[in-house]
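In what comes next, chain A is part of two complexes: it sits with chain B in the first one and with chain C in the second one.
Here is the complex of A and B:
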């Protein structure tokens, strides 16, 4: 239907909100609680108020549905007044420690404050540290209430920065069904947090930190740890970078999503002083070869089915906490991060004659949950801690900005070849469906013994929450499924439990579209940005000389020289793990 | 003319026979034996009855909407949350004549076809809740409540739900959320409860006093009722007189009675307390407007006039009151009771309370004057639900009426 926005005619769809119609037509309306990953809006922040010819007074654009003959005004004097006053109120409730803030220059509240020129406090800031005694007396009854939660390894919460927009509540409830967050207290003491303010006890996917408009929820900051080891001349710092971050890293420096910045990523790490930069994609190739081997073994032994992939630590935690009956179905393969790391501290250290105790293994990840994963003791394959430090790509970018290192000005560099050769299959791990596609490329060849003609398995690609297919390999019919976002995972598990569905092999990712939409990826994020990232991956896979994991020459060499066969005793020891029932 | 409080002192609220002897449950019998659901709704529509909780929405229309919305199940809720400061009429009905509410609720539930009804009572009202529980059990024994009412195939089960006592839970969608086990916060509207309410099913929510009128309307007919009081919103209303007035308490008067009459007529307030000088009155609790003596000749009705009747409280304030104390009391109340959902109400009521405190301590800062205006504006124009705009009403009026006294 036709509607008018600021006196110009636009096309709007039946049933959509004013905000979505405006967004599509590139008319900006500020919003602090509505988020493209979340719908419907709850209309909390009052930033998107607009005037229309059909309603009395101001109405929230995020909730008002378009109707025939509608005329919308988005920038009247009244609207700007309303936005400014409410922003001033929010600003005074906010920590306002911008210079030292993790989200400085990337904070939605700060951006709006800048836009509306809120540079002075009209109200006494709620959380300002006051020295003046008069001011202190004035605030004697002030309800100061801050919650600092740094009890877990993945996600940090500091309620000083919280503006109670509830995006975290909604994404955790609606997308992930974990419901770790809720609203505590009321009135000005209202606080978004966990029930009874217990430390966060969830699956650490970090989606809350990706949608938080401020720094109230962020990744747990490990930059200092990283800087410390970089400055230590006795330590050898060995870094690995996840498949997906080379497609998102550019966003932190203003480049388009999906830009392939692998060489830049290696270059900045070398610039920071890392001794070796290896590629997690090699770890992914190991995961595929081991997983394909496990699948074939299960097919021979008759199960248990379905076999679930195990590279997403949030998914693993979800099973351990909520669906422990499926633990035997989880592949025993470690994730790529946890496969490459023990090889660094065993195979690589041995071959280079390095004392593994003096190496520090660092990984650059798209994921907050990887920080948690690195701490799981049962994942250590070497005699040392396999992964010492995990940084999200956001943290790396922050460190670079702090050090004034601009990747745009650096020459691209290559991974160190010892553990730095990768395949297109391993790269596909970056997105939902990728592990499945990579595994099929290897499994089909292993089962048939013939070379794969067409490399692409289009049936596992796409955006749908659950994608199923049946694949015929000789006389074997393999029922597979690819699923992302826990709400879809939950549905799938319930269907399996109730025998409404049965599968042989299922790939699971906790985050939307897999790691490419990971909780540690650059912000802002929405479906368009994720699609652009995926496009970058598929393009890159197509152009790779090696597109099957088992053809990776480094991998072949390591099996030959060190591990033996897939599933060998040594491989079991270093590359496989066990799971724990953490049922609550 | 009395409908609600007529038999208050003649009746034993703990004995159902006492209610039945005075014509109780006759209306229910009539409805179930003789009337179709549509007829009941038509009768209530014809009577012109409007909600007595504050907003004054036409009751029959609400029922009609809930009845017409297609759904395998729907609900009826009696709102007895009554949290407006200075009002205690609903809980008094519950204490003095609980069956009147129950009968009204049963008729309403029958009219919209609800098999399950709730009495949502503020958790602070322990005694009224106990009395209601006793009344409900007696009504169940007599087969007025439960499966197969009076031998008919009509089933209506009533459950008493005690809220935790928050002001916001008087707002119908917040009330519904708490029955669902959620935090009490208003929902986005539309959809309105008659379309999608409790557990997403059509739900009619009526104030207790509204429902207490229903048996009378059925017994005497809509015509008789519609001739009582003002034609805009017929019937009677329980007014609660408090403050510097001679007779305090609950008075039932026809709608359309003027404020003047309520305060000065000897059958109601009987005038201002001896030795006190009338300053203004506030109609409808902390969220109500202020009326100066010159404007007290306006009739109190629902749906017309510039002073909403609201829940029916009349606070008489004399000149010995300190306006700063009043401002603080209002700000304090709304700050405490804000649910914390939207920005203007959560932060605005807090800032207003801060300023009110400084005002009380004669420590008003220069910027506060400007801030007051902005906060009041944003509360009334941008709040999520009516509570936010309520918080600005009395302050706005007070500043308009006695700016000099406040800021001198």
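Here is the complex of A and C:
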């Protein structure tokens, strides 16, 4: 269908909104509540107002469906005035503490406020401008419903920054089906938060913090803890970095998504004063070898099937809280972070003759849920706390900006070789389908005993929410599935429960497209950015000299010197775990 | 009537949710977390959705009050009939302030429209509805119903 936007003709699809038609044709319309991951939009922020020839007043472009003969104007005086007033109203209910805000310079509201030059406070007077007592009461009333939540380990909430765009409510309800947030109370007392203001009780995937346009929902800030251990001369700070953050770190400093910044990441960590920088990809390789071993064991013993991967802590928590009958199906392997960390405090400390009590294990992650995972006592393999501090990549970038360290000016460095050699298979963990592909590379070779010819398993790649395939290994038929986003996971679990589908091996990631779409990744994010990140990963995997986990020389060495073989008693103790039924 | 009985009286359909909440409110004075969880489970809805639904309505209390709540309609027609003066009278009589939680026994609140616009101004004491309240009636209501 042809529509006219600003007097030019464009093609639009039946049933799409004005906003999506404009976006495709690169016509910018500001929006605070519409988000590409979330549809349909509720049209609450009123920033995307446009004029059309078919309506009398202004209409929100994010909710108005295109129709035949439509003419849209996106920039007129009337529109700009309305947008500015709406923005002033939103600003009036916002804390406006930009200088101390975690999202300073990365805030969608701040960007728009700058664009529309919001410097007058028409709706809420400042302290010296107060004229009578009523105005003070109004001001008090505004802040009455502030809710702070710092009680959980992963996600911090501060509702004085909230502009009630409802993105968090929608992503939690529609994408993750957890629905931890709701829009509570009404009119001026409206407050987005948890029921009865209980501490957040969810799967801590952090998608709400990734879509929040302001700093109302952010990752819990652990920078202070990190700075403290860096300043302590008695502590040896050992850092590990997740597979995905090396592809997204650059975005925080204005580079294109998918830029490979592994060397820079190591360099900035060394610059900050970390003693050793290790690679979580090695942990991923351990996960693969152990998981492949477990899969082969289950194939021999006849189950239980399907076997689910266990790298995603949000997914684990989801099973424990909502689908506890599937707990035996979870692989007992720990996640890469929790595999590398005990090795640091046992194997590495022993071989270097360091007292593990004096080491501090820090990990740089794309994920808010990892903060929660590090707190789980049953995951500790060594006698100490395996992972002491978890920082998301956003926090690391914030710390660097605070210390005025510019990674672009630093020379690339390499990981410390003791636990820093990685393979392409481990790198694939960063995206949805990667764990499956890496596991297949190892499992197929282990089962057949022959070297793998073609290393790519294209059937597990792609964007679809649930991707199924059947793989033949000799006379063995393996039914596999790759799922991401909890709404798809729920569908799959219901199908399995009702015996509509059966699988042998299923990879699950809670976030869209896996860890590269993680809750702690740089913002803003959309499908195009995630696709660019995936491209970077696949390109890097292709260029790696080692592409199979079991060929990692460091891994082989540690098995020979320390762990014995996959599935041995020591490996069981350090690299495997048990799950707890947390159903209420 | 116990919570369980109220729940079982109604089918777990979304359209019954408000009815159930109001009935529980009658028994229990307010919808606490425990009750809310039970309702959510019975209707197979997430707790957050039930709470945001319940907290939306002035009719449903989600916080333990234990106070007599006096509600005065702040809808347009009632304001036209000078409900503001009625509020002022109540404030004077009881020495409380509308919207303020400080008084140990009473709480005065503005509510949105009851649908009794032709009978305004409307004042409610707990569940009792008073229509066409004149400022001079306030003394009477307070003496007899509080």
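The rule is short, and it goes like this: the second predicted complex is superposed on the first by the 565 of 584 C-alpha atoms of A that agree within 3 Å, B and C clash if a C-alpha of one lies under 4 Å from a C-alpha of the other, contacts with A are read in each partner's own complex, and residues count from 1 in each chain.
Keep in mind that, in the parts below, a residue touches a chain if its C-beta (ideal position, glycine included) is under 8 Å from a C-beta of that chain, and two chains touch if they have at least 3 such contacts.
Just so it is clear, the structure is predicted and the values come from calculations on it, not from any experiment.
Novice: Is A:198 in contact with chain B, with chain C, with both, or with neither (first, second, both, neither)?
Specialist: second
Novice: Figure out whether A:181 sits in contact with chain B (first) or chain C (second), or with both, or with neither.
Specialist: Touch status of A:181: second partner only.
Novice: With the two structures laid over each other on chain A, which partner does A:465 touch: chain B (first), chain C (second), both, or neither?
Specialist: Once the two structures are laid over each other on A, A:465 reaches no partner at all.
Novice: Report the partner of chain A that touches more of its residues: chain B or chain C.
Specialist: When the residues of chain A touched by each partner are counted, B comes out ahead.
Novice: Have a look at where A:524 lands relative to chain B and chain C in the superposition and call it first, second, both or neither.
Specialist: neither
Novice: So which bits of chain A does chain B touch that chain C touches too?
Specialist: 182-183, 185-186
Novice: Considering only the defined contacts, which chain A positions touch chain B in the complex?
Specialist: Touch list, chain A to chain B: 40, 42-47, 49, 57-58, 63, 78, 81-82, 85-86, 88-90, 92-93, 122-124, 138, 141-142, 163-164, 182-183, 185-190.
Novice: Using the touch definition up top, name the residues of chain C that touch chain A in the complex.
Specialist: Where chain C meets chain A, its residues are 33, 36, 46-52, 55-56, 62.
Novice: Over in the complex, which chain A residues touch chain C? Could you list them?
Specialist: Per the touch definition, chain A meets chain C at residues 173, 178-186, 194-196, 198.
Novice: Enumerate the contact residues on chain B facing chain A in the complex.
Specialist: 166, 183, 185, 188, 335-344, 346-351, 354, 357-358, 363, 367, 370-371, 374-375, 377-378, 381-384
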